[in-house]
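Input: structures, listed below.
One chain, subunit A, links the two complexes that follow: it is found with subunit B in the first and with subunit C in the second.
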Partner chain A sequence: MATALEPALSVRQVLTLDRVLAGEPEVVAGAGHLDRPVRWVHVAEAPDVGVMLSGGEMVLTTGVLLAGDEHKQTEYIRSLHRAEAAAVVLGLGRAFPVPPDVMRRAAERCGLPMVVLHRPFPFAELTEEVQSRLVRRKFAAVSLSESVRTALTGLITACAPLQGLLDEIAVHAGCPVILTNLAHRVLATAGERSAVDDVLRDWERIARQAGGSEGDGWVRAELSGGGERWGRIVLCGYRGDHPIGRLLAERGAEALVLHRMLHGSAHSWEEQSARGLLTDLVSGAVPARQLLPRARAAGLPVNRRTFVPLVVRDGDPVHLDRVLRLLGLSGLVAELADGAAAVLLSLARDQDAESLTAHFAARLRTEHQAGGTVVAAADARAAWEEVPEGLREARHVADAVADHSAALDLPPVVRLRDVHLRGLVRLLRDDPHVQSFAERELDGLLRGRETEQELLPVLRTYLATGRNKSRTAQLHHVSRPALYRRLEAIQACLGVDLDDFEQAASVHIALLAHDAQQR
Partner chain B sequence: MSRVIRAALFQTAWTGDKESMIQVHEQAARDAAAQGAQVLCFQELFYGPYFCQVQDPAFYAYAERIPDGPIVRRFQALAKELGIVLVLPMYEEEQPGVLYNTAAVIDADGSYLGKYRKTHIPQVKGFWEKFYFRPGNSGWPIFDTKVGKVGVYICYDRHFPEGWRALGLAGAEVVFNPSATSRGLSGYLWQLEQPAAAVANEYFVGAINRVGVEELGDNDFYGTSYFVDPEAQFVGEVASDKESELVVRDLDLAKLREVRDRWQFYRDRAPGAYGPLIAP
Partner chain C sequence: MSDLYARHKAVLPDWLALYYKDPLEITHGEGRHVWGDDGRKYLDFFGGILTTMTAHALPEVTKAVTEQAGRILHSSTLYLNRPMVELAERIAQLSGIPDARVFFTTSGTEANDTALLLATTYRRSNQILAMRNSYHGRSFSAVGITGNRGWSPTSLSPLQTLYVHGGVRTRGPFARLSDADFIAACVADLKDLLGHTRSPAALIAEPIQGVGGFTSPPDGLYAAFREVLDEHGILWIADEVQTGWGRTGDNFWGWQAHGHSGPPDILTFAKGIGNGMSIGGVVARADIMNCLDANSISTFGGTQITMAAGLANLSYLLEHDLQGNARRVGGLLIERLRAVAAQLPVVREVRGRGLMIGIELVRPGTDEAHPDAAAAVLEAARAEGLLIGKGGGHNTSVLRIAPPLTLTVSEAEEGAAILERALGSVH
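Now for the complex of A and B:
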């Protein structure tokens, strides 16, 4: 865990170590810079020590080569400053019995912490102590990096879903983790629910800031592959050390890139995100109000809007999304279970839902050869809380007309009022009385030989066309006399007279109930 | 008091021929109008490929008269039918051999309001524009349309703050920046410069870029068209970087006053000190 890591040692912390206190350290210059991190401890008696350093070192010296030459002393301090040393520690003794004033002044001017040790002190003890602490810390970082990488790789090879990876990252980070595309649309989140909701509530403001600087504790890593960036992972309000946060974000980004390469494209992540949201809305498992921040973060405008729930049978979400973009309509698209795609349009209050739905449906038919596409539409909902009910209504309408288009030319948009008896039968399909009624009425055909079962589609078309014989013959590519023979066979099997309205209606209802059962 | 206009941008890919490209844009105007959009701007050189990837005199044929050419007339009729203000970035021939990169502005009643000619003309790899266009000489016109005061600043112009400022001083409320710019060249500037111009001049900016790779070169046009408000905040999401898209957004023009009352950039600018800027 990141929180188990010690922060980097600062000059101040080194000076409070027991072994160092034994040397009676005194800060004589640069007291305002004691929080500098110490990367390494280096013992050096050379006057040109600066050239050996690469920055961040605490340099220990007795000054034996500097005594008696004030110019050398000043230059020594300056060279440490140029090399960005963290601090200089001078052991008082034979070379310098008291703190040298020239060095002290030079260090003060440079802002370089200068410490003198009043008691003789074995430098080796200090280097050992500090070095081992620094190494332990580095090792902890490497070890964390490795354990996170191992955990994430394990999840990827086990074909874990995206959410599994994000959850793992969030456990290590201890803060909300958000995956976005380049448009700042939230694709997935992980972390404690209430903390995630807090972030999402403010997401619109964060996302709309051009340049996107999110302030303290926000650690971002870009997701890219093949020379193209396509998203980012954000740790929101990470409380540990920034370098560790970076490390976690980068490990996370690597794993997500790998996951995408192995299991799908960024586009499908957007679909997954929309699918999760729309599925939760339809199921009613989560109250709609709680899903509002997620919807907003997924890019759906939700303030002062009208929502239009639609369901398209056999709709391809990618195609539907493309048409929405082309028309400039805001909406979420996702595939629901059983192959139907849900579309939730968000319109401005002054826009006409019916005409824009018709516009969308008409364009679906002209684009990409989706000739017979039927859009099942619920009435527009002015309140977000009513969206789940609307989605269920649209799905019900879509189900009710699922096999309809085979026999009849449906308009591009169908609504509850268009599905008539089919809608009712669909709702009642699980009723045992309705089931036994359908079995009874169709028994002769359903239990018959194969040739008799083949008559079922003919019966279906005949009834759906309003007992139009020429249309039925045409749709089944048979001659009229051949159709008459089949209708006679059907009547014989069922023991009914299809010219009698009530008997035909009864068979029709039974057939609708039977078909509703099959889906 | 709020004063909301519904504004639109359209980004699309080259279809392969001029007529179908015009039809795609006519359809986009209809789609925008269906949503209640009151003003729509197309991408730079909207009915052609971005032919400046090559230097070929054959493409001079894409230029036509403004406003007396067939395309302006065709879209004047459409603007009138739909009641929508149209900004048409085109290739203009003033007379043979005198060609400009121009945007014509048509009001919602179909009347021609005027044109802006692109002032800054690039000449770098993949953007050989000096071969095709004279530098514009139209100054910084503002068009008083049915929806408000509209300015146009075309593509490469956007790198020069002076024109943005001139449009602001002339009273622009929305400035459209139709462009053709490619991935790798300007990706990170695209979401930086226009928002900066919007906040510096305290007006709305609509930035449009085409999408896709065309047959004339490797330029990968990355779309991501957007509106940005006078606080440099995007209005809704930016558009796709690959797909054709109509961007329809509600812009509350009252925000101009709100932001200008807060940040008095126009009051505090110091034109007396700017002499060196116009030294040749």
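Now for the complex of A and C:
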């Protein structure tokens, strides 16, 4: 934290100040260390100046007390070096008309930048100039720090969503801001859309590369809490001074940690990002191609892959994600709006989509001994552009078999070809003709008294099992005579004979259409 | 042919099999990795036949061995031996056997020999019940109870061995039964057998068969056997040479998967406990251990240098809950391998538990063993920097995976990825 608050100019920056340039500075030693920060400027002629320094100072001298004694000159440089001075500036003049070789060599040896001023000017002008800049920076940093903190705290207490916080940080940073987990998966982004997309396009490479250097305005801060690191925030190409960038990143990180503590877990952030992406894919609101950078950044491999869209009714995303990881399958998991979880698998081209899907589904069933989890699958898609349609297909299949899995005795993986009539009816469910047909056919039961409405599930099972009376009785836990009485009642209400194939078929279609309305 | 390979062939027996067309000399190791004379680094998923139990060059073990070597290597059991007593105390306590005595040997074979000597003497019978597809060692008597043609160089034996059903779940006449029916059928077979014979001394069984290809019965079979054996006073010997020390993840000893009728009467161990130092041993109830009426000694058994290694290794294992690690990381590894296998008709079954995992290979579409495929996968894995083992009884070919128990998740993932490619390259 201290580093972020420490405002500093580098030696190089000091040398480019107008006032200094007028003095015709020349770097005669330690040219490789000009990026050292200058914390303060100090005028000192005493040969034992070293003891007065605390590190990071730029020491200005005319060398009057050193002239003529080569031993003292060397010792002077060494003591500055020991005190970790940032640089030494020597005004040429009476004491030293030309750069003293002994001092230059000593400075070179210990890597201390040594600058001579060919046209010396009163040192007071330089100290004043540098000092006031340093102070201004310090104030700027402190006030920035305060204003960012105030803004972010305000957002947190107002329960603003994560995105709100990131947007605020991006406003202050003026560059894309990216939140990732430790695996470099992007959880959320903020900043100007096109700039963000530029960063995401090449994310895999950039994310790993930027780890080491912070030179090009990549500023990162770790997110940690409870002794555990769980993510980082990255300012991508911050153009201001590095310490200010650090400060921003750290303030941002603090706020995000606080936000997580108050409003949920990092896991839910990952889920949110996957959900946003999958929802956008399904809805078709954004062309798939444009979502590719986001998918890649979310950690989904997309180059030369086969995509398998799946939907699991009542699937718990956390659990599905765990099983994927266990099996070593790459994929995104998120809950769609209506309680179904979407899973988008990304497989290498030589992996067998069908058997892996079957294995995944079978694995889910072994975990849920009780319920027969059904995985609705679309055929594998070789092109990313076909993924949205595939997801919609899987969702359609899942919806079509919803609530009927027990009666239908479904296999672990269901596909479009397994949903038959149910699929067709679902597609037609918004047609007013179909709706009024359903109402008409089922009128006797739907408008009946409560006891009659309770007959509806029996009818549903009876038809779904292919009019299998013993299975229906079993599934409803009633005796066969009791079932017969209910079937009689149903036939009476509807005025149909369910043993007649066409009449039964008509009621069945009506019931499917009715059920399709409910979801 | 490399020079060393030529010298090996010229001076060592022909029946000492070597892995790989171009055999490998391992020069050193660290953690879960070893380095070959070819200059390459290998991820080690076989641990020198399940013997590098914690890690290669584990500093704790190296330190204990070095310090002990600086003091004394060996004194024999004629003198009091502190490290031996300490290790015996710890093993007795861990064994689950009441009033346990421990005798140290230098190999698994010798441990089993001792168990057989004890059981036959105690019971005054030379009949032994053993499992088909078993392996218990290479000595004259151990070979006699090994139910694996490939490892039986002779049929001469001081013992009369009767083989029982049940060591292999997914092959044989009972394979198609449910777990409960499988156990019932094996128990019925055992009862029937006992009706025909004089009373045997003991039943010896590996809870998970090692050399046989990591095959096992359903949990509880040996507990059901034990109830029958108890009626006749027949002893139960658990050969834990491969399954002990938490390798199976769920249990510290393999017998614990069959523990509901109590612990075995005799337990034998070896391999992993010394992390490469030769330690074997027998644990038995005192009345059984003490039934011998003559002197018996193993000169090298319990020698200080090996006991020091065993103590350090066991402490590391317990302090770092490597059994838990085997359960977690092994659980992940087996899931990965099952997902890989789901796509490959050459894989008949992925089985095992913890860090003891077998992959049985067959000619696609059949149940026939496919030794060529097993050899090819072994080579392909090596080419990618992974060492695994193989095994399997008659008519089976099985890849064996048994890494050091400190295996990390990322090493498991790396190994699984290599195996995926290696398995995908054969048909």
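The rule is simple: the second predicted complex is superposed on the first by the 368 of 519 C-alpha atoms of A that agree within 3 Å, B and C clash if a C-alpha of one lies under 4 Å from a C-alpha of the other, contacts with A are read in each partner's own complex, and residues count from 1 in each chain.
Basically, a contact is a pair of C-beta atoms (placed from the backbone, for glycine too) under 8 Å apart; a residue touches a chain by one contact, two chains touch by 3 or more.
These figures come from a predicted structure and were not determined experimentally.
Chemist: Label the relationship between subunit B and subunit C on subunit A in the superposed model as either fit or clash.
Modeler: With subunit A as the common anchor, subunit B and subunit C collide in the superposed model.
Chemist: Check whether A:Arg185 is in contact with subunit B, with subunit C, with both or with neither, and answer first, second, both or neither.
Modeler: A:Arg185: touches subunit B, not subunit C.
Chemist: Per the overlay, which chain contacts more subunit A residues, subunit B or subunit C?
Modeler: B
Chemist: Counting only touches as set out at the top, which of subunit B and subunit C does A:Gly30 meet: first, second, both, neither?
Modeler: neither
Chemist: Between subunit B (first) and subunit C (second), which, if any, makes contact with A:Gly328: first, second, both or neither?
Modeler: Both partners, subunit B and subunit C.
Chemist: Please work out whether A:Leu356 is in contact with subunit B alone, subunit C alone, both, or neither, and reply first, second, both or neither.
Modeler: A:Leu356: touches subunit B and subunit C.
Chemist: From the options 5-13, 131-139 or 275-283, pick the one stretch of subunit C whose C-alpha atoms clash with subunit B.
Modeler: 275-283
Chemist: By the touch definition above, which subunit A residues appear in both interfaces, subunit B in one complex and subunit C in the other?
Modeler: In the superposed arrangement, which is not itself an observed complex, subunit A uses residues 326-329, 350-351, 355-356, 359, 363 for both subunit B and subunit C.
Chemist: Touching subunit A in the complex: which residues of subunit B?
Modeler: Per the stated touch rule, the residues are 6, 8, 28, 31-32, 34-37, 191-192, 195, 224, 228, 232-241, 243-248, 250.
Chemist: So in the complex, the part of subunit C that touches subunit A is made up of which residues?
Modeler: 331-332, 335-336, 338-340, 342-343, 413, 416-417, 424
Chemist: Going by the contact rule set out above, which residues of subunit A touch subunit C in the complex?
Modeler: Residues 326-329, 350-352, 355-356, 358-360, 363 of subunit A touch subunit C in their complex.
Chemist: Within their complex, state which residues of subunit A touch subunit B.
Modeler: 182-185, 207-211, 299, 301, 322, 325-330, 348, 350-351, 355-356, 359, 363
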